[in-house]
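Shown below is the structure under consideration.
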Amino acid sequence: MSGMIDHHLHIKENKPVAFSDATLEKIGVIISHYPEGQQKSALLPVLHIAQQELGGYLSVDVMDRVASLLNIQPVEVYEVATFYTMFHLEPVGKYVIEVCQTGPCAICGGEQILEHLEKSLGINVGETTPDGIFTLKTVECLGACGTAPVMQVNTEFHESLTAEKIDRIIGDLKEKSNGKTSEVRWAELF
Amino acid sequence: MIKVTIDNITIEVAEGTTILEATRKIGGKIVPPAMCWYSKLKGSGGKCRTCLVRVAESSAKDPRPMPKLVASCSTPVQDGMVVQNTTSQEVLDARKAIVEFLLINHPLDCPVCDQAGECDLQDLSFEHGVVETRSEEDRREFPVIDIGDSIKLHMNRCILCYRCVFTADQLTDKRVHGVLYRGDAAEISTYIQNVIDNDFSGNVIDVCPVGALTDRTFRFRSRVWFLEPMDAHRECRKCSGKVTAWMFGNEIYRITGRKDQYGELEEFICNECRFEKKDRNDWVIEGPRKIKRQSVISANHYEKLIKPSVIQPIEGKMGKKEEKT
Amino acid sequence: MGRAVLTEKIGIPGIRGFDVYRSNGGYRNAEKALKEMTPADVGKEVTKSGLRGRGGAGFPTGLKWSFLDRKSDKPKYLICNADESEPGTFKDRYLMEHLPHLLIEGIIISSYALGVKSCYIYVRGEFKYIIAILQKAIGEAYQNKMLGQNILGTNFSLDIFLHPGGGAYICGEETALLESLEGKRGNPRIKPPFPAFRGLYNCPTMVNNVETLAAVAPIIGMGGNTYASIGIGKSTGTKLMSACGNINKPGVYEIDLGLPVEDFLYSEEYCGGIKNGKYLKAVVPGGSSVPVLPADLIVHTQKGDKRLLSYESLAEGGFETGSMLGSGGFIVYDEDACMVRNTWNFTRFYRHESCGQCSPCREGTAWMEPILRRIEEGKGKKKEIDLLVSIADKIEGNTICPFGDAAAWPVSSAIRHFRKEFEFHVEHPDIVKNINHGSLIRYI
């Protein structure tokens, strides 16, 4: 597990980053939740919104736009985005499946669930299916140990998993993959 | 003023003084090593844990001991506090453990590291380390990168003291590097292709306790212990112009800020002085710089040399180790 | 048998909505506090109740409240710690999911007692659907003048804001949470200063767990003394236990503190015994961070007394033969569970979640993890078992925050109680490589 760590340097592409007016307004509301001058506090909620609405991951361009919205240095955004596991720094599939591997899930079959997903999606952990629909990841404790094993698909929980249940979930997601996701929008939560 | 007793020595200090600052007032062997704390950088300290000490009595009012060892750099003294550093085996054991932790991923590349001879981690390991490593794991490795024309980043050697981050934060208004990622995958980085470029960026080299950030204009030109550090100054519009010029004969090999006995800069200097003024005629040489620390540099006994102009390189030798003038 | 203090209303259909909650006696305790009591009175009742922090540390809440720097002219903040991430713990989620208004009521009363006008609920980002539930409940509370200006017609005003985390266990540590709330990396702060003096934005700040704040509402309702009469000794009141692992009935249960572990484990009312009729092997009684105990020591203490679910009883025997109540995350292992694999698993968790700020934790967790993995895979050496104990010992107590201890205890306790199993792994590489050898161990 040790050895080479290569967090390659990222490229700023200077592509336009367009939050919708409604979202920008929402970001204004979020900033207003914190005292004046403390707009940096809005960083985590704004990053959640940015990731969800601008391509599923945080590109350098997106993060730089967030930095300018909050009037902070870009590196302050990079520091935070690389610290928290919910933010993706590279492009991901439409559905990011994250399977819990921590103790309570593991003793209830979490490891087998992961194997099953690898087989049925035909990819290894960390990879995205060639059609760009699924990315498979592992995650540490999701706080749902009583209904282990669990996974989340783009922050939607699926609990008490079995192989059959997973096949059903994957089938449903494949069917819906052309349409819009039913996911709750972060911007609506504030 | 309040009283504090450290390793059986009692001293009066101003309220708000930290234990570490109090030990430095006393001086000598009871001063705990500090790899991350830097008196001139606000918010620094607490991270490396090498300065852990035992508070045997919290204060005159509450003489109970503190339950855990505390970081002396960030724990303020209280009136009547009794502190143990070198007199506590627990502290010495903990320090040895910390050194071991700091070394398990630190490459043992001192022979090719420019910091060798003036490296805080080298000195720390020499004093508190053990000879053998118990770790059989592969060391963590990162690619080596240039951040700008003058600074090289060897992340492998970094101990994540955060000093360079505080320096950039406090000396400049646009910090472009920081600590990214987390846990044992954390690293100093700019995240994107970027250069650390402002008038004072070079100071990150001087505050770095290890060889993670080095001066590209000096790299591999000489071992520091072959050079004679000389206090020098020049008229500078950006900084005080007071520096240490590291010389070999009449040639200036590198410029650093002037460091005190704890390895801290007396003043931050500008990049023009540091990187661009390497000509002997740019500087007024004042005389030998005192390097008090227990480092190999001091072994050269250069201090007694009066003027740099009298130094002649000995044929076939780079230094004058045997020469005791 | 168990008394429902926190979960009293949980079965009522529609209780998540304001109207149903209100018409079933909800917010009556807030009304009582705001209209009939002074802030100091509220504080006194909480102190009398003996309520202890339910996030894991078990520090007396009344005492913690008394530390808040009330003299400061800066704004004071209350932070509700809903960053529930301790493996084995899912009680706050349950409470927020089913009784969001109970939490809001508890926050109103606590804020009143503390002189706080702004409260942030820091919810772990993965609980997005919980954030949606809370958001709706907070909206309803505003509409019904239970939040905002002049609550219930009194002079007291309060705003509650939701703040999502970004995926970091360490943000459950209160100063890391504050850093995170300020939009920074979740690096725990060096203490002192403590948040009660300099917390969020350098202002006096109180950070309390969801369950702690929720408990304040019924405490005001029944009075501190009545609450204190529940439980045993200094473990007063009720506690939400999250039970999981190899049991018949995993879930969240409200218990009177002092309930015997054996009853909790085997009665139909709670865990319902070990799944598939197997034997009990071990329990981690308070979330992954607390020491694991083997079957005999979890049911009875070393002295032979019944082990109870209380702060004191679970700690009985110190780290040699005891553990901790922690967050109440009760993880049960049956005879087939491999303690080596579990220890490796937990250590991988701690390595992954270490913020990386201080050297013992960053380097120590990353050192232990591959060793444990090797032992689990049958590639370990015998001397590495002692090396692990030594590393854990050197992390413990030497770090900035309690995370270091939390990473060390699972390792040292597992080796203390299951050393034979670690040795078996080292000595029988061929067997452990291929099978989960949990049950084999019983026969060596």
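First chain written, first letter: the chains are A, B and C, and each begins at residue 1.
Heads up, the rule we're going with is that a contact is a pair of C-beta atoms (placed from the backbone, for glycine too) under 8 Å apart; a residue touches a chain by one contact, two chains touch by 3 or more.
Everything numeric in this text was worked out from a predicted model, so none of it was measured.
A.B. asks: Please indicate which chain is farthest from subunit C, where distance is taken between mean Cα coordinates of the chains.
C.D. replies: If we average the C-alpha coordinates per chain, B ends up farthest from subunit C.
A.B. asks: Report the most central chain, judged by the distance from each chain's C-alpha mean to the global C-alpha mean.
C.D. replies: Here the chain at the core of the arrangement is C.
A.B. asks: Need the CA-centroid distance for the pair subunit B / subunit C, whole Å please.
C.D. replies: Averaging C-alpha atoms per chain gives centres 41 Å apart.
A.B. asks: Report, in whole Å, the distance between the mean C-alpha point of subunit A and the mean C-alpha point of subunit C.
C.D. replies: 25
A.B. asks: Enumerate the residues of subunit C that touch no fewer than two other chains.
C.D. replies: 168, 185, 352-353, 355, 366, 370 - these are the residues of subunit C that touch more than one other chain.
A.B. asks: List, in ascending order, every residue of subunit A touching at least 2 other chains.
C.D. replies: Residues 2, 76, 79, 83 of subunit A touch two or more partner chains.
A.B. asks: Scan subunit B for residues touching two or more other chains and write them down.
C.D. replies: 105, 137, 140, 179, 181-182, 184-185
A.B. asks: Considering only the defined contacts, which subunit C positions touch subunit B in the complex?
C.D. replies: For this pair, the touching residues of subunit C are 168, 185, 190, 192, 351-360, 362-367, 370-371, 387, 390, 394, 397-400.
A.B. asks: Along subunit A, where are the residues that touch subunit C in the complex?
C.D. replies: Listed in rising order, the residues of subunit A that touch subunit C are 1-2, 33-35, 38, 40-45, 47-48, 70, 72, 76, 79-80, 83-87, 101-104, 106-108, 140-148, 152, 155-157, 184, 186, 189-190.
A.B. asks: Along subunit B, where are the residues that touch subunit A in the complex?
C.D. replies: Going by the criterion above, the answer is residues 105, 137-143, 145, 174-182, 184-185, 187, 189-194.
A.B. asks: Show me the residue ranges of subunit B that touch subunit C in the complex, using the header's touch definition.
C.D. replies: Listed in rising order, the residues are 45-49, 52, 68-69, 71, 74-76, 94, 97-98, 100-102, 104-105, 134-135, 137, 140, 159-160, 179, 181-186.
A.B. asks: Residues of subunit C touching subunit A in their complex?
C.D. replies: Interface residues on the subunit C side: 75, 84-90, 93, 124-129, 131-132, 135, 161-169, 180-186, 201, 242-246, 250-252, 284, 288, 329, 331, 333, 337, 341-342, 345-346, 348-349, 352-353, 355, 366, 369-370, 373.
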